[in-house]
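Report on the following structure.
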Amino acid sequence: MLDQTVSREVFEGLSATGELLFYLASAVATLVFLVGTGLKFRKYAHGRREDRIGDRAGFLRGLLRGSAEVAANSTVRKRDTYAGVAHAAIMWGFIVLFIGTAILTIDTDIIPFVAPDAHFFWGAFYIGYSVVLDVLGLAMLMGIGAMAWRRLRFHKPQLDYRRVDISPATTDRRGFVAGDWIFLGWLALLGVSGFMLEAFRIVAHDFPWFEVWSPVGWVLGSLMATVGLSAATAETARMTLWWSHAAIALAFVAWIPFSKAVHMLADPVNLGLRSPLAGRRLPVLPSIATADGHIGLRDTFDLTWKQLVDADACTKCGRCHAACPAVASGAPLSPRDLVLDLRQQVDAEWAILAPLHERRSDREYGLAAPGGNGHAGGNGHAGGNGTDGGSGPGVGAQAPGGGLLAGGLISAATLWSCTTCLACVEACPVGIEHVPTIVGMRRSLVDQGLVEPGLQAAFTSLAKQGNSFGQSGRTRGRWTEGLPTPIVDARRQDVDWLWFVGDFASFDARVQEATRLVARVFQAADVDFGILYEGERNAGNDIRRAGEEGLFELLAEHNIGQLSKARFRRIVTTDPHTLNTLRFEYPQLGGSYEVWHYSQLLAALFDYGHLATRRRVDRRVTYHDPCYLARYAEVTRAPREVLVAIGARLVEMPRNGANTFCCGAGGGRVWMDDSGLAERPSEQRIREAVALGGIVDFVTACPKDLTMYTAAAKATGNGDSLVVADLIELVAAAIDLEPITAEGGDGPTGAAGLAAAAHGEMAALTATTGRGDA
Amino acid sequence: MSDDILVLVEHRAGTVLDPTFELLGRARALAAETGGQAIAVVLGSGVDPLVATLGAADRVIAVDDPAFAEFSPSSYQAALVPIVRDRSPRLVLVANTGPGMDVASGLSAATGLALAAYATGVALEGGAPVVTCQLYAGKIDARVRFADGRGIATVVAGSFPVESGMAAGSPPVERLGPPATDGRIRFKALLAPEAGDVDITRETVLVSVGRGVGEQENLELVEELATALGGAVSVSRPLADAGWLPRSRQVGKSGLKVKPRLYLALGISGAPEHLEGMRGADLIIAVNTDPRAPIFSVAHYGAVADLLDVAQALTRRLAG
Amino acid sequence: MQRELPVIKVDGVTELEHAVVEGVDISGHWNRMFTQRSITEYPTEAMDWITGLEGGESLRNCYQCGKCVPVCPVNHVGDYGPRKLNAKVIRGNRLIDDPDLWLCTTCGNCYRVCPKEVNPIQFMPAIREQAVLEGNIPDELSDVFRNLQRTGNPMGESPRKRADWIAGAGVEIPVISQLDRPVDVLWYVSDYTSYHPRGQDAARAMARVLTALGVDFAILGPEERSDGDSARLAGETGLFELLAEQNIKAFSRYEFKRLVVMDPHAYNAFRNRYPALGWEGEVLHYTQFLAPLVDGMRFLSRVELDVTYHDPCYLGRNNGEYDAPRRLLEAIPGIRLAEMPHNRANGYCCGGGGGGMWLDGTVAGHVSERLSERRVREAVATVGTDGTGVLSVACPYEPSRFEDAVKSTGNDGRLVVRDIIELLDQAMQPPAA
Amino acid sequence: MEFIVLLKQVPDLAEELEIDADGTDLARDWLSYVTSEWDEYALEEALQLRDQAGGSVTCLALDTGSVDELLATCLARGADRVVKVGSFERQPASHVAAAAFAAALRDMPHHLVLTGVQAIDDLDGQVGPLVATLLDLPHVSVVTHIAVGPDGRTATVHQEYAGGVVAELEVDLPATLGVQTSRETPRYAPVSRVRQLMKTMEVGSVEVSADGGAGLVIEAMSVPEVSATAEMIAGSPDAIAERIAAILAERGIGKAAVR
């Protein structure tokens, strides 16, 4: 029975003219699509060059990974199961329907001319084809329904398009919403009209037996027949619908490059080309200077082609927006809006490409721009975030038309709000790399001299003294005074481990307590280590991320010079920020080292039995993953292993591991004034920990965290109930490290006691430096 | 050539300012040693009421002219140069204030007399002045002599007791004229600071904070402490510059001079300009993380600690 | 006011089962599934070094699923497991100074269950080879290597005495060099069978069985050298090649149809390694050779014993032969065969493989008991303590190892250890009076 | 308008200062140098004034062999020209510096000469009024606000007195001003720019013969005894608070005494 009658005629009922008309329309649609896509490519060709291939193996691995991610929709499913499943249904539904159409084209338009006998659109193939397309078409419609339901009912914060930096009154985002709905609606229309067409066909043909294998059409047709649809009426309706369906489909094809649908093309590319080092290793300044010698991303012509693709890739899913600590703390930055602003600006300059619904309203930006950040705004003595008008070098006047990005389109206050925590990059399902772009624009701000006052003070101190504390670089090793066993000077003696101490660990009074404990725990574990003393300077990670590339180079060159004088096997550092730049960025400048975080070394020391728990720290603790440890260096296990090894009962906060929440200090934020924030990220984080209930210690493994959270615990009124402790303080307690002075009476128990003991050390130290003649 | 000690009188709005009295007191003591006279030089318009407060001087040289109704650096300079040239005193004492700085260096350049700036001590050794100067924001003291035994010193306010120079009386007045004036700098107006909510010069307890406070928000903690102590908050120059508190709360050379019963200095390192404004307090307690901060040299009690920790602990302690 | 939250437990760490923040689902267990396991968490130097070694490549594949841990025999008696090795390497440990390097018996049970085909049988020898090259190996092992090099056997006995066991076999055992004709079977006797008293028992039994079956066989005699496989697995690849060259030279001097070996390790070497070195031919373990011949065996006695069988790692798991030994045992009249819980593919290791035979001293410090002791307990539990229980084996390493373990576990007199060939021989002899 | 800024380097106070063996100077081996804070304000004011009134900014520094970075920084911030004056082994006394600057300025057009009101090493007086006197220009110190008149012949300035009182003065140009603070924090000079400029910049130079000296004899320098008066309180914040409370109670100060 599976003979050639088990099939359907593709252009059934269509006159020759009609067929010709259809082919003409198809050609036009395809042409528009090709022109649109071509314009995209022309736009990318405007971008600066950027090598995204690197070594071939890595490139291929990236492509493979990207393809897998696209196929499985894994990046979409991650963090949002509902959307992920729905998206997969829509995507695969669409792809299969597209392939189905392609098969028809092959059978109808190619086979008859090349091999008439090979006509295959009948019999078993036809039945299989019918089932597969029906099922996946239904899946697509269900996916669309689920997505529409989500938009209507869930009120997801990430789908809230209101801007954080511009008042709602002057922000018009209706175009964005409309664009989303048109996209979704159009797809739905495509599916529904297809099924209707199928149903009419089945009714018109009086339900041929094999059409039961088009179950959706069959059921629909049966329903129609039940309500009295005759075969003749069905045939008339079918012809009308046929043209409608064709029009919808062809229009969609033509519309793709000009709409949200372009993500179908851009995102696979973006995922395949994304760099595993995005944000971790920032690009060096281009060796060829720009015509006028400016540095950084100053205007759209400074964007690389990949950054232009990034902008097109954004689907406004808002996951970065929801994950961003700047958004959460009320700072004027949303990574989503930043990317969209860039896209709109670029498209405005190549106007034909702009999706109509996302065209910028001048009202919106006309009001936004002049506030900008003139020299005055960013540098007012009031230390404000630059909303007051400025008399800078005509910055505001150039936006929106003129194309000044940093300080113009994207205000300085927005750019300074980024903590470079990388949460946006981690969250983005389509591989957009926000952080390097933000830093690129910060470089331009620095180049224009638009530097936040606190940051400027830090830069100045760093340039002169190599630290941000305004202390003499010579006193960098002073924290070692008073240690029972002196620390080896690695410039004079070979060591196994070179301990790169870092700024906060060397100079901040609170962190110094932890630093001294690190030294003593290493000594207790017989680690052969040394430090560079005053030879060390700030490693430059955050200076680089604040956009001061020249200063970074200065510091890095100095450090590499010092490191080359020392003989060691590996570097260990207490500072995740330092870890990142030493590991990923110093190689750019000729310094390649094996770099460990001290939590890793501690884990290994426990592992090998060099450290042993003598007194279990049997308390409920939680652990905060530092951004630069968990996301940049991807170290999440080691500190937990240490906590488990010392017997702590670790309770995780909701945001942990790679999903950690920023303390707000990264990327140079630690030097800037954050008084203007609604609620500091660090304080939100403390509340998150307190909400777990019964947490005794808030453990962290980053010097900046220690200062930030100590302050935040006080500020939120949890200073007495929650002990903010460095990992090392718990370890020191667990291995029963002797306090240096006898002041502690019975000796300290627990981190609090140890901290007190450390205070004792401080006091003792003060006494020995001759000021304590009380 | 003489062994006289000249003191430039600084006055504003009809009143001789405190630094002048400090200098007069010191000049009188020095003149007693040299055998010369302590001579006050006053430039003004209608100087008699001023002269009446200069009883500590052995003699007054006055230039009385409407051109000197208000301070003008160029006019002062034009009038002073011939006086100093003619009298050739052993020592000219000028307060290290804005007008003092204006006048003293120019005088030195014009007359060839050496100048010792930022003096905190002036003494005589073998009849020649020996001056102790502050350098490097108070981190270094230098003892200097003038190469030819005579010169000018600009003296930091607060170096000598004001009382020693405050004496009523009517010293002989030598009136000079016609005054040499230079109109290249013209006085336009005196702008008073906006009235503040708190008059820190009247408070008996001041909790004063400097850069060490870190962020503006932390001022709240300091306010709490001030309230607990029944006093007010004052600040050092950088915080007033930053606009965190009005100028009327600023203590120091360019701010206000205060003499509370308690001056609790939190996170203030103690630049000379600041010390000028508060060293007269009855009790000074300083908290700073830097054990080498100069503030500890004027404080009665000191603690090396984080000011926020201490402020919170003290607030708690005072609360109960 | 401790709020109770729905929690799941991961490695002693408590975490929320569902974490949704700002509308974003960041539940750990769910999202971790989508995250590539990163090896940048730690410096990659050690991993790069090992995976750069020939044979070391597969270590990188490990994704810490932990399936290997419960099946690793050493894990049962100590703090060791293939996953832990990987964890150490990830943390920068090249293993070269680590005692763990010598704990692996290359039994292959982890590889069997590993979804990522991480193969310690390849990477352990590769790393051990580097340790050997650095001269960084346990003394007891270097003594054995020296013996093998000097005398061709691990005990350091004279190679001339290799066929001395012949005396006392009760049958004539031809040495091929004296035959001057092709033979059907060249019997490779192997080290422990040739020199160790308990091995010699098996050798003599074998000789009698072969003779009874009328097999045309001969041995190499003094020309035979150790197969070298365990030395190779212990890291001495050069020594293995040296011994292989000597054996291959001997093999090629004579004509024979097939090679029958007593030792699964030799079987493994000849079958899987020698071809690459220039010798290829039919190799059979003696159980494989004899199993098809059971119908021709004349059993004169019943062996009324409860027997369990220990699968040697290199016969069973690593070369897939589980049935031949069992067929032989089942053929013996009177034997009641019972399986231990660990049998066939999941057979437990005797601890002698991969050089373990010569590393007892080194291993002792890191395990609570020997693997052989654990296996003996299992055998006792299976076949009882009434004296009729037999732990049967098919590898010359095992009789001595297990008999020691029987004594050390206090089961002397309650369990005996017999090579299958000994049981066969016993059944083919007339009943003792 | 030609704006001239006079700048100098002073020791970085981040370093702990020590006295050399003679006891009459700083031990300079370890010192690092920064641009004098008030000179930075002067430069910022000059740049702002130029941007408003037009003209150019020329920065002068005495050539002590180590001012290239200072001058490059001026250019990076937006100065139009930089000039090294004379040749000195190290920063000389204010009188000598003033003489050198004055000599250089005699051949250089100048309408407004700005410099820092003071520097931390001004032992023998401030450079601004010294230069003014040598060039016979009017001078105002402690200036906190400058506005150039529309005709470019006068400037209105604020001179700051104690207590926040400010005098508004009108000055005929050319004049010199000692700047106390600038309307904005001195703008930032990116290091890459500074480094680039140090390689490429053109530095003018003026030969001057400046002799004479400060007329001062330094007998001794010393580090003031910091703890001479303060009794130090040691211990934890709580312990310190406890002790302070006790001291206050003893003296009957504050609410603590009432209680």
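Residue numbering begins at 1 within each chain, and the chains themselves are lettered A, B, C and D in the order written.
The definition used in the following text is that a residue touches a chain if its C-beta (ideal position, glycine included) is under 8 Å from a C-beta of that chain, and two chains touch if they have at least 3 such contacts.
Everything quoted here is computed from the prediction, not taken from an experiment.
Visitor: Could you name the chain whose CA centroid falls nearest to the centroid of all protein CA atoms?
Guide: Answer by centroid distance: A.
Visitor: Which pairing of chains gives the most C-beta pairs in contact?
Guide: Answer by contact count: the chains B-D.
Visitor: Can you compute the centre-to-centre distance for chain C and chain D, using the mean CA position of each chain? Integer Å is fine.
Guide: 83
Visitor: Could you please state the distance in Å, as a whole number, between where the Cα atoms of chain A are centred and where those of chain B are centred?
Guide: Distance between chain centres, rounded to whole Å: 57 Å.
Visitor: List the centre-to-centre spacing of chain B and chain D in whole Å, with centres computed as mean CA coordinates.
Guide: 20
Visitor: Averaged over CA atoms, how far is the centre of chain A from the centre of chain D? Could you give it in whole Å?
Guide: Going by mean C-alpha positions, chain A sits 45 Å from chain D.
Visitor: What are the residues of chain D that contact at least two other chains?
Guide: 16, 226-227, 231-234
Visitor: For chain A, jot down the residues that touch at least 2 other chains.
Guide: 381, 766, 771-772
Visitor: Can you list every residue of chain B that touches 2 or more other chains, as numbers and ranges?
Guide: Residues 241, 291-292, 296, 304, 306, 312 of chain B touch two or more partner chains.
Visitor: Hey, which chains are touching each other here?
Guide: All chain pairs meeting the touch criterion are A-B, A-C, A-D, B-D.
Visitor: Residues of chain D touching chain A in their complex?
Guide: Answer in residue numbers: 12, 14-16, 30, 32, 34, 51, 77-78, 184-185, 187-196, 226-227, 231-236.
Visitor: So in the complex, the part of chain A that touches chain D is made up of which residues?
Guide: Checking each residue of chain A against chain D gives 285, 293, 295, 375-376, 379-381, 393, 446-447, 449-451, 453, 456, 459-461, 463-465, 470-475, 548-551, 553-554, 756, 759, 763, 766-767, 770-774.
Visitor: Which of the residues in chain B come into contact with chain D in the complex?
Guide: 12, 17, 70-74, 77, 97-99, 101-106, 108-110, 112-118, 130, 133, 135-148, 151, 154, 182, 184-193, 204-205, 228-231, 241, 247-248, 250, 253-257, 261-262, 264, 283, 285-287, 291-294, 296-306, 309-310, 312-314, 316-318
Visitor: Using the touch rule from the top, collect the residues of chain A that touch chain B in their complex.
Guide: By the definition above, chain A touches chain B via 381-383, 509-510, 673-675, 714-715, 766, 769, 771-772.
Visitor: What does chain C use to touch chain A in their complex?
Guide: Where chain C meets chain A, its residues are 1-3, 5, 11-16, 19-26, 28, 30-36, 38, 40-43, 45, 88, 91-93.
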